[in-house]
Amino acid sequence: MKIIEANIDDMSGEFLGFLMEELFKHNALDVWYTPVYMKKNRPGVTVSVLCYPQEQEKLEEILLKETTTLGVRSYSAYRKKLERQLVKVNTPYGDIRVKMAYGEGIFKASPEYEDCRLAATIHGVPLREVYDVTMREFSKMNIRPKVTKTNV
Amino acid sequence: MKIIEANIDDMSGEFLGFLMEELFKHNALDVWYTPVYMKKNRPGVTVSVLCYPQEQEKLEEILLKETTTLGVRSYSAYRKKLERQLVKVNTPYGDIRVKMAYGEGIFKASPEYEDCRLAATIHGVPLREVYDVTMREFSKMNIRPKVTKTNV
Amino acid sequence: MKIIEANIDDMSGEFLGFLMEELFKHNALDVWYTPVYMKKNRPGVTVSVLCYPQEQEKLEEILLKETTTLGVRSYSAYRKKLERQLVKVNTPYGDIRVKMAYGEGIFKASPEYEDCRLAATIHGVPLREVYDVTMREFSKMNIRPKVTKTNV
Amino acid sequence: MKIIEANIDDMSGEFLGFLMEELFKHNALDVWYTPVYMKKNRPGVTVSVLCYPQEQEKLEEILLKETTTLGVRSYSAYRKKLERQLVKVNTPYGDIRVKMAYGEGIFKASPEYEDCRLAATIHGVPLREVYDVTMREFSKMNIRPKVTKTNV
Amino acid sequence: MKIIEANIDDMSGEFLGFLMEELFKHNALDVWYTPVYMKKNRPGVTVSVLCYPQEQEKLEEILLKETTTLGVRSYSAYRKKLERQLVKVNTPYGDIRVKMAYGEGIFKASPEYEDCRLAATIHGVPLREVYDVTMREFSKMNIRPKVTKTNV
Amino acid sequence: MKIIEANIDDMSGEFLGFLMEELFKHNALDVWYTPVYMKKNRPGVTVSVLCYPQEQEKLEEILLKETTTLGVRSYSAYRKKLERQLVKVNTPYGDIRVKMAYGEGIFKASPEYEDCRLAATIHGVPLREVYDVTMREFSKMNIRPKVTKTNV
């Protein structure tokens, strides 16, 4: 994996909100901003982008084009990840997908945010209520992912 | 005391560095920036200014003039403070002023930053070294402030 | 104006993203999150909501319902604001609205973010380019708002 | 309620960790630190303390004694809170208390952190596992607090 | 040295407080959390762990087990460090250990936090007082570490 | 490029302000501070320094000498940057330099902060006014940098 970073102290929050959308549109795996203290009493932001090596060039170009920065830096990171599998769970608020993650003797599960968000909005209930009911129903199903092989 | 605040998400760090100087020039007692998360994924900053009531109008005007904000908010705070007194301390790095603070059964002292900074730069020693030597010399002087009355 | 606040250390970022949408939907004037250090080494967030007094009760109810907090605090603030007026500006990227703010001897203007964002996306140009062209065109128009009266 | 605040830029993190303990020991209801940008490129911290009016004087004294600050500011806030009630839940990891909060048409519940932490440590299971099992068992009990009256 | 990192936006501060304890228990050299801005207006946290290569696998497992993350990233860093040596200093508040660090022409010293914390609590004096007295006594001892060789 | 980092939780903001000056004086390309949560409820700061490999040793020495840290870590990063060229622009507030950046099909320009700051202070106008006028004048000049070759 590649991590691309740039420090920005001469660009407003509005532009940074837009930039995040652009980066995700072009296959960034993750994008995040860290508040930092820069020279001359300037509140700044470090923009970080995680991506596959084949996307690096395009994403660096977006950073140089959409921001005021004159340079970006990058370095390599190794990534260890769990396998994922989705399962549909029937709840009083409709079907909600649950994401199961497993590997290395670990198993964990959590509801898909966008499904819960939609259900909470439609039914006018707290988001937490949708999460909790979904996990209770998922728990009753006693499902485990059909493990094939742990990829690392 | 008055506290004036404004949230800024459409202005760059460069301008905020400049703004801080302007606010201090016009008698702000303190100015600080807090990194905040604003709508639409925008990293923003809350600008806070502490001042006497008679300076409030001028400082709000600077905030409205030098920033992009369309409004500022303010509220009152009560301030409890210690008495201060300066004493000159003779050190191997020259005279350094020490600020004594006292009242409410409390006594504490610390060297003036700008004096130490100058001495460290001139003598090419770590800033910490100047602080430590100054406090050791101050400690030997066994000084206490001539208390008159605790103002609150 | 009222400011409502709550510290949250037992709720995830996902829920906070959702909460912000809910609060804006119910007439919050502004919502922002501040990262804070809480007891037992917990990274937390202070949720702040700015609103008119008549919306306070409803917004506090949302905070209590959608978050894990057991209590919210509130205080009053005075708000000084500039007058606003919108003007449409014709640019190579289509019509973009410019927001003029004025009062107290101040005049400033900036393009509407959502108009620029749309134009940048449609024409595939950097957001900055749309802003700059808009402000150049606006500057040529030599417009000033039809001042009626400064409300404070 | 009272909120006491002080900005600190000349004191290290070690001392702030200690200070938090001291403030909680003397009946602070909540204590939190906010990272802020202060003058002369100094990363600082705003110390905030929430307390009952009768504890204010003692807590301000601790702030003045244990920190380098020369003054503290305070203001009043109004607090709206839910009723709380504890119930013991029997789980495979032992008894865990669940805190129920209710009032204003709201009902929510969450396990006591310290109980879960202890159980997770003793049984060598993830903290999340203890929380989830506890909430599932609590959910089966179908308990509601014996409401008496909503205090505000 | 290895640095392991993961971004978390779907886990509460409570769990992160617990996680830090677990990571230190399993030989992390350092653990720290950075507040970050993540997609969909989510306040998140980057968890960072510094460790020796032989502890990496175990610590990554804990991160995957105790957090909601589906993947962790890691990279290598080179570490340059000073030599350390402890010396016991006799003070009016009991024996306090002072940590001396040296190498590369540098010598510095600071009191052990836990010793000072205990002494301040037992004697009911400010933590700062214990630090200052300890450093004054240490300074009188005129000690230098018995240098053997600077390791890097 | 090299990035040097150290976590600091036992040093005050005053010293960090001084440290930043020292690091820039010794050829750091960039220096920034990130607020982090460290063990034992300590607000800390990660100090980051970007530099050329030939400056690394000197800068690490400054970090070890001027801070309390017992060790620094470093890693390599690759840096992609745009070409820069300065052009003088005649404005009603005097000559202001504009920095043009180009390469990879990108062209962007922004006024030099220090020139604008000086002009704003001398003429008593908002910094924003100086920026805007400068960019309008620059835009009329219709200048493009004399491209030689993109260095990476």
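A, B, C, D, E and F are the chain letters, set down in written order, and residue numbers restart from 1 in every chain.
To be clear about the criterion, a contact is a pair of C-beta atoms (placed from the backbone, for glycine too) under 8 Å apart; a residue touches a chain by one contact, two chains touch by 3 or more.
Remember, it's a predicted structure, so these values are computed and weren't measured experimentally.
Farthest from chain B, judged by the mean position of CA atoms in each chain, is A. We define each chain's centre as the mean of its Cα atoms; on that basis chain A and chain B are separated by 39 Å.
Remark: chain A and chain C have CA centroids separated by 24 Å (rounded to whole angstrom). Taking the mean of the C-alpha atoms as each chain's centre, chain A and chain E sit 29 Å apart. Multi-chain contact residues of chain B, defined as those touching 2 or more other chains: 10, 14, 20, 33-35, 37-41, 43-45, 65, 68, 75, 108, 113, 128. Chain contacts in this assembly form a complete graph, since each chain touches every other chain.
Partner chain A is touched in their complex by these residues of chain B: 8-14, 16-17, 20-21, 33, 35, 38, 40-45, 68. Interface residues of chain F facing chain B in the complex, by the touch rule stated above, are 14-15, 18, 35, 65-66, 68, 113, 117, 120, 126-128.
Those residues of chain E that touch chain F in the complex are listed here as 1, 3, 20, 24, 30-35, 45, 48, 50, 75-82, 84, 101, 103-106, 108, 110, 113.
The touching residues of chain D, counted against chain B in their complex, run 5, 7, 10, 34-40, 44, 46, 60-61, 64-65, 68, 70-75. Listed in rising order, the residues of chain C touching chain F in the complex are 35, 37, 39-41, 43, 108, 128, 132, 135-136, 139.
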